[in-house]
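Below, chain A partners chain B and then partners chain C, in two separate complexes.
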Partner chain A sequence: MRLTLERRHIITQRELVMIAIISTVCSLLAFSIVFLEAGINPIYAYIIFFDHGFTTPGLYNTIQRTTILLFDTLAFIIPLTAGIWNLGVEGQFYMGAIGAIGTSYLFANMPSYIIIPIMIIASAVLGGIYALIPGYLKGKMFINETLTTLFLNYIVIFIVMYLCRGPWMGVHGLPISKPVVPAGRVPQIGDTGIPYTIFLAIGAAIAIYIFLKKTVLGYKIKLFGHNPSAARYAGMNFARIASMTMFLAGMVGGLAGFHQISGVIGTLRHDLSPGWGYYAIVFGLIANLNPISAIIVSFVLTGFLVGTESLYPRLGMRFGVVDLFIGVFCIVFICFQFLRNYRFKLDRGGR
Partner chain B sequence: MQIAIDKINPGELILEARGITKKFPGIVANNNVNFNLRAGEIHVIVGENGAGKTTLMNILYGLYKPDEGDIYIRGKKVDIKSPKDALRLSIGMVHQHNKLIPSHTVFENIIVGCSKVGKIIHRKELEEELKELCDKYQFTLDFEAKIWQLSAGEKQLVEIVRILFRGAKILILDEPTSVLTPEEMEVLMTSLKEMTKNEFAIIPFITHKIPVVLRMADRITVLRKGEVVGTLNIEDATGDKLAEMMIGRKVLFRVQKPNIEKGKEILQVKGLSALNDRNVPAVRNVSFSIREGEIFGIAGVAGNGQNELVETIVGLRKPTAGNIIFRGEDITNLSILDRRKRGMEYIPADRVEIGSVGEFSLVENIAMNLYFDDNYKHRGIFDLDKIRKKTVKLISDFNVVTQNEDFKAKTLSGGNLQKLILARSLSHDAKILVAELPTHGLDVGAIEFVRNQLIQAVKEKIGILFISQDLDEVLSMSDKIAPIYEGEFVDIIPAEKADRQMIGSMISGKQGGNRDETNT
Partner chain C sequence: MILQILDVSAILLIAGLGELISERSGILNIGVEGMMIMGSLSSIVFTKITGNPWIGLLMAMIGGGVLSILHGILSISLNVEQTVSGMGIWLFGIGLTAYVGSAFTGTHSHVIPAVVWGLTPLFFIALALVPLAWFILFKTSFGLNIRTVGEDPAVAEVLGINIKKIRYICVFIGGMMAGLSGAYLSLVYAPIWSRRVTAGRGWLSLSLVTFSLWRPFILLLGSFMFGFLWIFSIKLQFLVALPTSLLRTIPFFSAIITLIIISSERFGARLREPAALGKSYIPEK
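So, the complex of A and B:
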């Protein structure tokens, strides 16, 4: 008997899921080397890890954070379906946060049912416009979107810093803004600490899935992603599609900012997100650009992230173990991508 | 496993494949194929796309392992596991799409990765050896030229020299003539004939171009649906016989074109000029007009501005001068979509990269021409049922061979993909059809189908702008013929006055038409 590799010609949805599960398990196995090196029993470590990430009360934390990562992942997925790399999710997130908190100050005396919709719209529009800039530049003048989106992230961080130390500064003199008015806070589900925005995120994922599958615009977006010259041949306008997809992505990214302001933190600060907009790139690619898979991927991976965060208080591991985990996970996942083109085959008897 | 192949007697049986069977999921690519090769012969393998030629050659070259059957070299059974093994057994392969490094020189490309060269490059000696090799077979190669500077024919020559340098005596050539101009083809054929005198054995495999096969071959093996239909000596082969063997029935080579009454002028092009992608003038002052039910043929060697002209007419390229008038309306500044809505259809030369999307299903590919039609959408949402029904109908009307309409376009063979694109273009109330190389690279059966469909379209009053590099095809299909050379129409000749020799020299720039004489 001999194990051989065989080239695949077709791959089913089920096999794709199997590959994802196998690579996840293998990455956990690979990461146990880190535990061994730190002198911790990996089985014990993983019990704590899963306990913290996927059972209550840690689960609430996971779900709450899934919301923001799902928004971010969707904001990354939509433009890439049209072949545009949106590395500016982080910036769109902060723009959304500015929009949300800014309008909450403006309409401070309004009741919840007016102020919250206004905050949602403001964050979506502001995030959308911010993403529109690189989208338009890409579509009209073919300016590389990976650079523009990335650079715009830094600009918005400095805008946030200015606002927090300047016009919107809170009472303590710290670089933190005044809090959102109580009417601008999204209610939470029972006493779980999960804001209702999670349903907004899941709804957005489903809506985007249907949008891409059923609508003419979604079809155009996919056509550009798969074959830009065929799309041009079919008479489609890239400038319009690039602007539109980026605007849409920015809107979803902006909603992540709304969630963080209105549902979780309640104040504007420059460290609202520890780089989740960049994690979205990993999540989106692992979800294979499918918005429905994105729901599952963001939940499971966020659970892992929350689980890893338990490692330093509970097991005395160092900070940075979270980044190490994401790194190991990515490398193992990429290694297993070859299974999409090849499969192992047991050669019985052998000639 | 080394088998000396240095001293071979002409006519000796050097390679034999017995009972080769290779299965892929869903198809039998080769079924009990027997094939043999003598030293000093050119043994052409012909067959339609998907007949199993490439699979057989890949087995001989060690890229695939046969499920059943054995390969013998000079009577000894061999096991070819990789191209490296194949080369050790003196078998070399030249691929259709060259695998050279564009930014490196010819010399570098020839010696790269060759075990003979060793760690240190003894440039003088190697060059000497290469020169000797080239002189022997009358190849002319500039070793210092960079690959990107070479024509398709020269690149192919580099590939051949590369394989010869590695000591191959059995040469497998994949569609060797498909990228060549007529002159380059002559040179190649002379060189190959010369090589067979030196005990080389050569296996070119070719899908169509039966005239080339007949001129080149010593023996011909015909494959159909993975099986050998027969092996012929050149004396026994005729074009009709080969075509019949290839597709299993008689084929019309000459198009039977009925006399069609021409209607009014629908497309006028006046003084059109355009630049190519490097901002060099590629189309110069082209004027012509097409009437309803007329086929206007443009004949020319690849790269003489045909593609730029077509792109300018359909709206993918901006003209620098001139006007395009379509059914009385100046469309020079309209987008491709607006032209499409008015009934201008375009079949691009590159059906894989431009004409279709491989990752999309057939339904989604058909939708490329329906997405702007309000009958197929409601408020921005596709009426998928309607599009699916239309796709199913087109697939059956145009004999597109596929399992079902949800299969991805990349699973279709070249001929079926072209049928799909043709079906899509003609399904949408076309007034004028711009067909750029519509039969290029197709097998005989598909060529016949495409040509008949074009004739059918003309009967329905559609005007066709027909671009082809195949002179015989242009001559037999068109009502008027414009030979194009360096972006200019040399002349516009009615079909009944056109003569193969004359147009042949016009497209190679050797002879100007009447127009030039009056100008100068």
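So, the complex of A and C:
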């Protein structure tokens, strides 16, 4: 008997889910090396880890955080359905945050039911425009979108720093802006600390799922992802598809910024996100670009993130453990990607 | 200031040259930033342990090289999409260094001493690598093999070239040079460690390769241009009354603009890129 690798061309939905689950388990196993290195019993560590991520009160934190990561994951998924790599989710998030807080200053005297819709629109539009730039350049001139989106991420951080130290400065000497006006805060569900924006995120996921699955435009987008030359032969306009998917993605990414400003932090600062826009890349790939799976994946993995964050206060682990977790998770998952092209085959008999 | 410009240029140049060689063989490694930061941390850690910056330098090259081999296994042998694999390299590099490096945060004292005009031997090595890369790529049979593999692997296979071997070598060279440029950053330019210390320089190097139209001497020019812009954007605050933060966006804006110019029909970067770039090669049986 011999175990060999066999090339395959078709993969079922069930097998994809299996790959995601197996790679998740393997990355947790791989990560226990880090616990062992730090002299901590991995089983004990994982009990704390899951306890913190998935039981109250940590669970509330997980759900609150899921809102951002779901928006971010959707923002990554939409363009990749058309074969465009949106690594600029982080930038679109900050652009949305700028839009939300900027309009809250402008309309400071308005009641909540006017100011909040304005903030939502502003963050979506600003995020959308920011993503439209690389989308248009990709569609029209075939400029590598991974580079342009990343450069825009670096640029927006500097813009945020400028705004926080300059025109929107709050406390003198600190790089934090003035707080958002009280009317511009999204109410929270009971005393859980979860803003109602979570429903906006889930609604967006469902809407995007229907859009991609059930509409003609969604079909065109998918066709570009699967077979760009066939789509072009069929007379479809890549420039338009690229611009549109990126604009849509930017809008969703901008909403994550709105959530963070209006629902959670309340001030603009350059460390609003520790890199969630980059984590969303991993989340989106694991969800296999399915917006509905993205809801589940971002909830579970955000629970992991929150669990990981408990590690340094409770177990005295070093800072950066969250980054390492994402790194290990990502690399293990990508190692498993080859199972999309190959499968193990057991040779029986004595050939 | 001129010294700083030269140093930043050399950092961009070394990583860019490595990536150029890798891309010439048809393998796109967008994980330059990850390999660079890996080199940066390795150089600090091993210099601190041994007290000898040259050992740190060597370990930086090994650190970058190991990550690139991982990219090689994934993208060359297992046919994982190269963008996905490169992204994994990047996120893993960032994550690993953030965790391990948190014990090394702050400044450190061991650096490579300067020899002439305040420049270290590394700078001259970086300069010498440009004609060397050009010579190997365009004047030797090995270079011809690399370019054939990058343009048309099917033809290369007919010619009896070992495609996988060539690609592994090129990817490994790319990784070692990204590691070296990270070491240059930490042992010469700024002896300091913080999370994500490379601050986008790896991505700039990656875009410089497109700018160079895959030619080493144009890459040299581009590196100096961006080295200048990087330092200029920091120093400009002393000359004009604009806020520092906004000026710091200059190199990144310029990178986008150069990408636009170079991709226009006149220069046609898309037509000149290695034809098999980013595509995994699966031999027909």
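We take it that the second predicted complex is superposed on the first by the 322 of 351 C-alpha atoms of A that agree within 3 Å, B and C clash if a C-alpha of one lies under 4 Å from a C-alpha of the other, contacts with A are read in each partner's own complex, and residues count from 1 in each chain.
Heads up, the rule we're going with is that contacts are C-beta pairs under 8 Å (C-beta built on N, C-alpha and C of every residue); 3 or more make two chains touch, one makes a residue touch a chain.
In this text the structure is predicted, and so the values were computed from the model without any measurement.
Partner contacting the larger number of chain A residues, of chain B and chain C: C.
In the overlay built on the shared chain, the residue A:Leu174 is in contact with neither chain B nor chain C.
Once chain A of one complex is fitted onto chain A of the other, the partner contacts of A:Met236 are limited to chain B, with no touch recorded for chain C.
Looking at the shared chain after the overlay, A:Asn341 reaches chain C, while chain B stays out of its contact range.
In the superposed pair of complexes, A:Arg318 makes contact with chain C only, with no contact to chain B. Look at A:Ile22: by the touch rule set out above, it reaches neither chain B nor chain C. Judged by the touch definition given at the top, the superposed model places A:Ile114 against neither chain B nor chain C. After overlaying the two complexes on the shared chain, residue contacts for A:Leu147 are found with chain C alone; chain B is out of touch. Counting contacts by the rule stated earlier, no residue of chain A appears in both its interface with chain B and its interface with chain C.
On the chain A side of its complex with chain C, the touching residues are 7, 34, 85, 87, 137, 141-144, 146-148, 150-152, 154-155, 158-159, 161-162, 165-166, 278, 281-282, 285, 318-321, 323-328, 330-331, 333-335, 337-338, 341-342.
Only residues 9-10, 214-217, 219-220, 222-223, 226-227, 229-230, 232-237 of chain A touch chain B when the two sit together in their complex.
Chain contact summary for the complex, chain B toward chain A: residues 24-25, 315-316, 335-338, 340, 346, 348, 353-360, 364, 367-369, 371-372, 377, 380-382, 384. Only residues 30, 70, 74, 78-81, 83-85, 87-89, 91-103, 195, 199-200, 203, 206-207, 210, 243, 245-246, 248-249, 252-253, 255-256, 259-260, 263-264, 270, 282 of chain C touch chain A when the two sit together in their complex.
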